[in-house]
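Okay, so chain A shows up in both of these, paired with chain B first and chain C after.
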Partner chain A sequence: MVNKTQSRDARNSRDSGAVKKQQSVQQTSSHRYDVVVIGSGHNGLVTASYLARAGLDVLVVEKNDYIGGAAVSRNLYKDFTYSNCSYVCSLLRPEIMRDLELPHHGLQVIPYEGGAVLMPGKQFLGSSNNHEIQRREFAKFSIRDSEAYDRLSRDVIRQCKFIKPLLLRTPPDPTSFKPRDLTELLYLGQKLHRLGEKQMHETMRFWTMSVSDFLDEYFESDLIKAMYAGSAIIGTALGPKSPGTAYVMLHHFMGDVDGAVGAWGFARGGMGSVTKALASSFRAAGGEIRTGDGVAQIRIKGGKAVGVVLESGEEIKAKRVISGADVRRTFTGMCDPSDLPAEFLQQVQNYKARGSSGKLNIALDGLPEFSALPKGSPFVTGDMHIRDSMESLERAYDDWKNGSWSEAPYVDMLIPSQIDPTMTADGKHYMTVFVQYCPYKLAAGEWTDARRKAFGDTVINAIAKHSPNFKSLILHAEVRTPWDIEREVGLTEGNIFQGELTMDQLLFNRPIPGYAQYHTPIDNLYLCGSTTHPGGGVMGAPGANAARTVLGDIGKLSRSLGQPSYRSLFYKSHGRTAKPIKAMSVAGSAP
Partner chain B sequence: MMMRLSPKPALVKPAPDHFKQLLQESPFAKRAMPLCRTRDVMNWNGFALVNVYSTVEEEYFAIRNRSSVFDLAPMMKYRISGKDAEAYCNRLVTRDVRKQKPGRVSYVVWCDEAGMVIDDGTLFRFSATEFRLCSQERQIDWLLDCALGYDVTISDVSESIMALTLQGPTSASLLKLCGFKGVENIKPFEIKDWKIGKLAVTVSRTGFTADLGYELWVDAGDAIALWDLLFEHGQGRGLVPIGNEALNMARIEAGLLLPGIDFISSMANVRMGFCRSPYELGLDFTVDLAKPHFNGRAALVAEKQNETSRSKLIGLEIESNKPVNDSIVYSDESCQTEIGFVTSAIWSPTCKRNIAIAQINAPYYGTLTQFWVELYLKRELTWQRRVLEAWPVERPFFAHPRRRQTPAGDY
Partner chain C sequence: MVKQKFDSIIIGGGHNGLVTAIKLAKAGQRVLVLEAKDQFGGAAVTRGLAPGYNISAAAHLLHLLPKKLQRELRLEQFGLVLAAQNLKTIALDLAGNHVVFDGKNLSGGTAADQSHYPTYHRDMQELARFFAPLLASRAPRLARGKHEPHARAEKLRDACNLAMTGLRLRLLGRRRMRQMLRIIGMNAYDLVDEHFESPLVKGAIALDAVIGTEFAPRTPGTVISYLYRLGAEYAAGNSLAQPQGGMGSVSAALVKAAEAAGVTLKLKSPVARILVSRADSSQGYDDEYAPDYASGVVTVNGTEYHANHIVSNVDPKTTVLQLAGPQHFDTDFVRRINNIRMKGVSGKLHLALKALPEFKGLSRLELGNRLLIAPSSEAIERAIDPTKYGEFAEQPVLEITIPTLADPSLAPAGTHLLSAVVVGIPTELKGGWKAESRKALLKNVMAVLESYAPGIGKLVVQSELLTPSDIAEEFALPGGCWHQGSLTFDQFYFMRPTYGASQYQTPLKGLYLCGAGNHPGGGVMGLAGYNAAQQVLRHPIKNQNSKG
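Showing the complex of A and B:
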């Protein structure tokens, strides 16, 4: 399950994200942790940090030699830093950044100004945070669309306002009559009611319709539609015409940089800065991280999780085990089937986590020129996309269905080193290239080095069509397929969200109906990764929600508080400055 | 029968390097900007527009005492023409457009299906089949949505037609000096064309100041010629260019509303329940429920019948002389019961009254005669709280009889 060669490769590389194995900590087999967290993805670390701050004795075990999961920065070539998986940051909940003091531990998110869609024939559609520039860019293609975009923003913000408060709440179980579930259902109902009847219909439609149908209600220009549709198919094994994709777009709009809804930014130093700050915050609260030795098995005794067995054979005892890996990896990879209900295991097996995205990280000898984009324009500073129509996006999806990577892929590329001076040496640049679609399994057979190279070349050639000097600048390229992403990060089939974000796998259905509240059929075994509500992206909300659930279970959290903001759950306010407190004094008893 | 599809307006091609300029330049900028001694410029609808040229006082008093000129370049202008233009406009706005004769302007509002105001503006009728709608906010998306099934052509002429608004007691006599023969005879809300040499100008007796005044419309290419014509003859009549701040004072005195200030367009509204109906904005006179179906009619009929208006924009007068911008309004001096808030406020230099436009919730509007307004004053860096008494008054706060007199004199 864990690929040893991969870990060794990583050990040899100059890896800025690597954490030295903590040899000093000699685990006597009698030591029993309060909590063992499986995986040092950002969600695992969020859960671990909250629990450590509540006074628990917490250990994080990571199979890789470096921490971060899909929020990682690595040096694979000279002094270039890559954001190997995720590359832009906006979803990370500000409440979590504040609670865990991430800015203090080195995290800084920096915004970028613009972006562009590159089309054949030196045409382009620019995007900008500046409303006037954006409007004029849209007006190049349709004067009507240049105004309709205000209407779209309004409607999307309305939906975001409805969903945002749900992110940091445990979804209710609609079949339960427990007071908490009823209160939560009521809360949902009230929020819906407050939207008004018309908006309620809109919400229902939004959650189920295809992004193509949705955009048809706003725009006439196919290109403008295609520009928006990109964020609806990213990481999703669906095409723009598939129902459910409108929600995926919304999911991407949810983030904010300094309060501007939908704005995206870079984490200074790459996405690994998120997990590095989390690890630092965790250690400051007394937490311990072990890398380079993954969990082979979760130990279950009498229906209760009691610890983990590592790949190396070492056994670690714990009162509670929390898995930051996805639901399929956790239950089909680390559990003995005889400990699990058959029906549950069936559902886990059927959980949709289909890989559809590839990634290239490229070290460049200089800043590439894009023939369409005017020199000095802000459009190069952010996300540049290659695509020309809704139809071409759908065709790209067809290729994936047929078991091959898209001949004309949808490409989302950025050059963060233009804004972030820490990524490369002066004059050099780092380019991140996200590619949709790329399959986990090829119809032609296994992924081989030759096929991986062919996939990479397809992408590089697609970019080179828009940038004549691009190829000559390439110093090194890391090409990653969903299959590679699974091997390295553990994401099942390389699905970037730890399971798709479709209605049947959202809210109280995520990951498995009946187990949407971070609990599992095994006592004392929890899930905290993106596989749980509210889903994928570097958001941290699943991890925070899981921590709250665990604290609730051990009576370190006042039930009567319900679900107010995190500050009130984990901090006690002393006048002007809020100080972290070790244990929750509310509702008394120790575990 | 095939439903007619909405017409597709022509593209406006921005310059390839338009991103270098965050704000667009007005065609009057060559003349206006050198006169702007404060360098105080604002963003109005994507245009860089002068906020204050010299001092607000001088500019404000020019409106009430001499002649003032204000650049209307950022105003949105839509040409609506075709066989069904009247029927189209009549379904669009809440007023009865059939009663509006060619050569007349009317103040109109338009609503969505829920009877919530999208925007207000002026509707010019040039002939049986040609109209022009002027508004502050961009409307093409909505106007085209509404065109489905009508034989009309709608085009955005905002950049091809430019206007200056000339307001003040000497404005009619100034126009006469410029060669607009007989201009004193046009009535309020009337439109007339003139040819001054080679310059074609359409004059409408309209404005935003509740005073004597005109709006002058020319092709964009003639903008500078129009400016020069006015300033060539302006000296004797005391012509002064004015910025947004002075005009805003005059419009508050006139009791007129601004979208984004006094109400939120339902097209821009995010939080449910924050937009308002024409009744709630105190614009009852613009709604004609007797005319056939129009956008929002059913909702407005219900609101009227069931008396379900949630609030009302009313005029307030407040003790003291400190403008009560952004203040919350209470029904009691102890500020226990919050009943609304101020949307616009100034100390009116002409009326010598402290005035405000305020949104007052039901059931307090119309019944209460005494309100309390909470004001925070910064005095030498120190904040002080004041609770001031206020009482409802009629809008407009200022309306000089000369604004209606025809023929217009040289006041």
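Showing the complex of A and C:
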């Protein structure tokens, strides 16, 4: 339990501003924080902010010279701002935005309207947030599919509605007999049961199907299927024919921008603005961030975490340590194996995090023209893809399995500078290109500069086929492979979700069965990254859930952060849940 | 037109259909089995390959038929003799350093693998023990409409079933329960990778997980098909066996048991369609809301048979969409049935051999076991990957038996038979199957065999390679899928074949399903038929005309 007077002191010191802060930095060697958070990624900052707001004395340590983890805006070439890891925003939970007052701290998310799939021979399939426009686009290829689109939107939104409330809940431990776990299991069971026979089974099928089979039940056009399948494979080491990918697709649909379901947008100023706002919110609550010095080791004494040792050798004492790193990095990289139970350590080593995505950040001298799209088309403002068939997606996956990048990669490219002028100088543009698949380790050996260049050229050539003036506009291109992402951001094997989103690593299995509730076998050591439920994306939910767990442990859980009440368990409210769902629009192709 | 009245009619005389027929007849019903071909048994048959050579044409090993069911049906008394039991599984190595799986023991592989295998085996057997009873009972329905007939009793039965399953899951203990909840969502590639070092050991286990399915080891959900297989094997006493006279003798014993129980059996009677009538006021229905019900069948040659229960051993898709007709079901159900995935990527190779082939590093005695050519899990992956695009494997993966070692009666004296499951053949070849493509495929398969058994090519008297589409045609298994529906999570347990028909009963009154397309699925297991019979018996016949 936190000493009450001490936390009141912390609150006082916050009020009196910067002067006191200065003192506390000098005292660090003897100062004992309530909480030290490892890593200033978005989840780490969300946890830290919630805890600081509850009056705890929180320090965030970051190994890089800049904060943000994988949600960063960086200047790597002249005055171009790159969102050089994550690049679009949608999943960030609105509850967190409100609680932490992120708009007040400068976060502004601008939705984009739509995108397009570019095809060989001046054809394109547009995607749009507008349901009617989307239907028209589909009708270009198949009238039947444009009708099936209504059915798909309805069904996908149903799945989103089911899963959204689960994001901000701690998953139950099905092996436990604690009242909390039993009620939570009952809640889940009842929630499922209330869906009724048809919807319950459809939900279970949806969770376990491959996206290819799922889309086959709706569409006939291979192109339209390929357009949706893209969002189901992003970041995962699975192909569109692998069961479980339909769920990954959902992971890209359940976000919203300003209440527009399934919409995606750009954070003004790049994705770094998300973490910048979080950091600002955190600092306003009295928190402290230290950059440029990573954690070398988590100090464990008698089975309890007591602080961290930084790479510089400095030791920081804390009552609780919360790691924003993934479970493998936390336990195999920062802990002494002898402090961990052998079985747990083995499970950590078996945790699947596989790098499967690459990224190109390109500075452009002007707006490229796409031969398929008319100039000034609204579809250029959103996510553009190059793809022709489901088979090519699956074949790209097979290439990845064999340890090479595909000659015909799946490409998700956006030019955010069209909407957000703060990213580049006038007339210049910034393009972000996400590439699926790119292996962490090549069959031919390690990544070298030459191989990285070859990979980048493959992608650039693929784009240049659709944009005649693209190559001539390139001023600078940064090529990032999973290997680079691991080295820079600290994501194991460069997996963008801090671990595969497969059934064996979801819900109560994430990250390790028995440790899905943000606790670890070490007392006072917690996890708060995407490696925990509900997983990756710039969502913030794992961070908020971890904060709730910590506050619950020290008895400071405020009502607003608590799990939604269990009253619904005991008072039937069929009327509320049985409301018919109107066909709503889902953003055509969420990246 | 001839009309004949029965209590139950079974469409299709596969092993599941025969099991259902026996169970129903024993309960006092008058039962008719209609088989389209000139032989009973479906995919458990022995047929000629070349003069004097008789081969188990589809299934070639008996390892899933539960001991309890064998005893209940008294198959031994009806002539089922096992030529060999407790066969070992041998994973072949090119250099002759084979890996042998014998119960809980492993020989070959690395020292670490050998010491770990008994623990792994015990863990998996624990999980198999959990699965076994699930297979022998109908899957519960998680929800049902308030106004369905018998709803209260059925609801209670399902609730008890679910509660028991939950309790048994808990009784596994915390560690095993966690282990299971994790691995059922995994892929076989990762599972074997977590436990073993030797590629041969990994390959052999991964093959067990994917054989008969359409998926490669890296596909999530392949562990569930592995556990399903282990569960069924557990119920069958964990004995790989080879019946005397090939798999056809299992069916022959079932036919004898059926005859003894008083079942009317008819061969060469393909059913053209299921007759559907509408209930009328005499049955207490308001004309406007009277339900349709299945009242009989008509064969291709025009004979009509009438019965209260029509039980189809044919796969659910064909039964609903072709035999009964989609007009009798609601559109949503038809859509779901239509979406059932049936895909097989395994073919069957049959070789009549002049003499016993020699495999590197194997004695004559060892040759009678189940031999696997699956050098690693990657090799299986590479064999199955091309099937996604309608191509066949360069180097297919094989499961081989040489049945003549234990049962010389299958071939002329001194000669031998080789039967192999060939993994890595697409359901539909791009461009269709032509003589050349068949030849190219056979060449690939023989090249693999030749590398392990040099000189085998010269011993071949007659060869036959059944592709999945041949299997589809010969055994009426659409897509060449052994299980009448792929064994994946979304087509498993209470979702098999689809919700609304998961308890062997279709929404069309009086029409039941008893084939492998239902829980618990395929292989020569007989449990789908057994469970279906129990479900039929829950619904008493209203118009009393049974003998009992």
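Criterion: the second predicted complex is superposed on the first by the 533 of 591 C-alpha atoms of A that agree within 3 Å, B and C clash if a C-alpha of one lies under 4 Å from a C-alpha of the other, contacts with A are read in each partner's own complex, and residues count from 1 in each chain.
Operating definition for what follows: a residue touches a chain if its C-beta (ideal position, glycine included) is under 8 Å from a C-beta of that chain, and two chains touch if they have at least 3 such contacts.
Computed from a predicted structure; not experimentally measured.
Colleague: Once chain A of both complexes is superposed, is A:T175 in touch with chain B (first), chain C (second), both, or neither?
Modeller: second
Colleague: Using the touch definition from the top, say if A:D504 reaches chain B (first), chain C (second), both or neither.
Modeller: In the superposed model, A:D504 contacts chain C only, not chain B.
Colleague: Identify the partner contact of A:D57: answer first if only chain B is touched, second if only chain C is, both if each is, neither if none is.
Modeller: In the superposed model, A:D57 contacts neither chain B nor chain C.
Colleague: Counting only touches as set out at the top, which of chain B and chain C does A:R154 meet: first, second, both, neither?
Modeller: first
Colleague: Given the touch rule stated above, what does A:P378 touch, chain B (first), chain C (second), both, or neither?
Modeller: A:P378: touches chain B, not chain C.
Colleague: For A:G244 in the superposed arrangement: first (chain B), second (chain C), both or neither?
Modeller: second
Colleague: Should A:G196 be classified as contacting the first partner (chain B), the second (chain C), both, or neither?
Modeller: both
Colleague: List the residues of chain A that touch chain B in one complex and chain C in the other.
Modeller: In chain A, positions 196, 198 sit in both the chain B and chain C interfaces.
Colleague: Looking at the complex, which residues from chain C come into contact with chain A?
Modeller: The contact residues of chain C facing chain A are 141-145, 170, 174, 177-179, 181-187, 190, 194, 218-221, 332, 335, 339, 341, 381, 385, 388-389, 488-490, 494-495, 499-500.
Colleague: For the complex, give me every residue of chain A touching chain B.
Modeller: 114, 126, 128, 130-133, 135-137, 139-144, 147-148, 150-151, 154, 157-158, 161, 194-196, 198-199, 220, 374, 376-379
Colleague: Sort out for me which residues of chain B touch chain A in the complex.
Modeller: Contact set of chain B toward chain A: 8-14, 16-20, 22-24, 43, 46, 114, 138-141, 144, 156, 267-273.
Colleague: Within their complex, state which residues of chain A touch chain C.
Modeller: My answer: residues 174-175, 192-193, 196-198, 200-201, 204-205, 208-209, 213, 216-217, 238, 241-244, 350, 352, 391, 394-395, 398, 401, 502-506, 508-509, 513-514.
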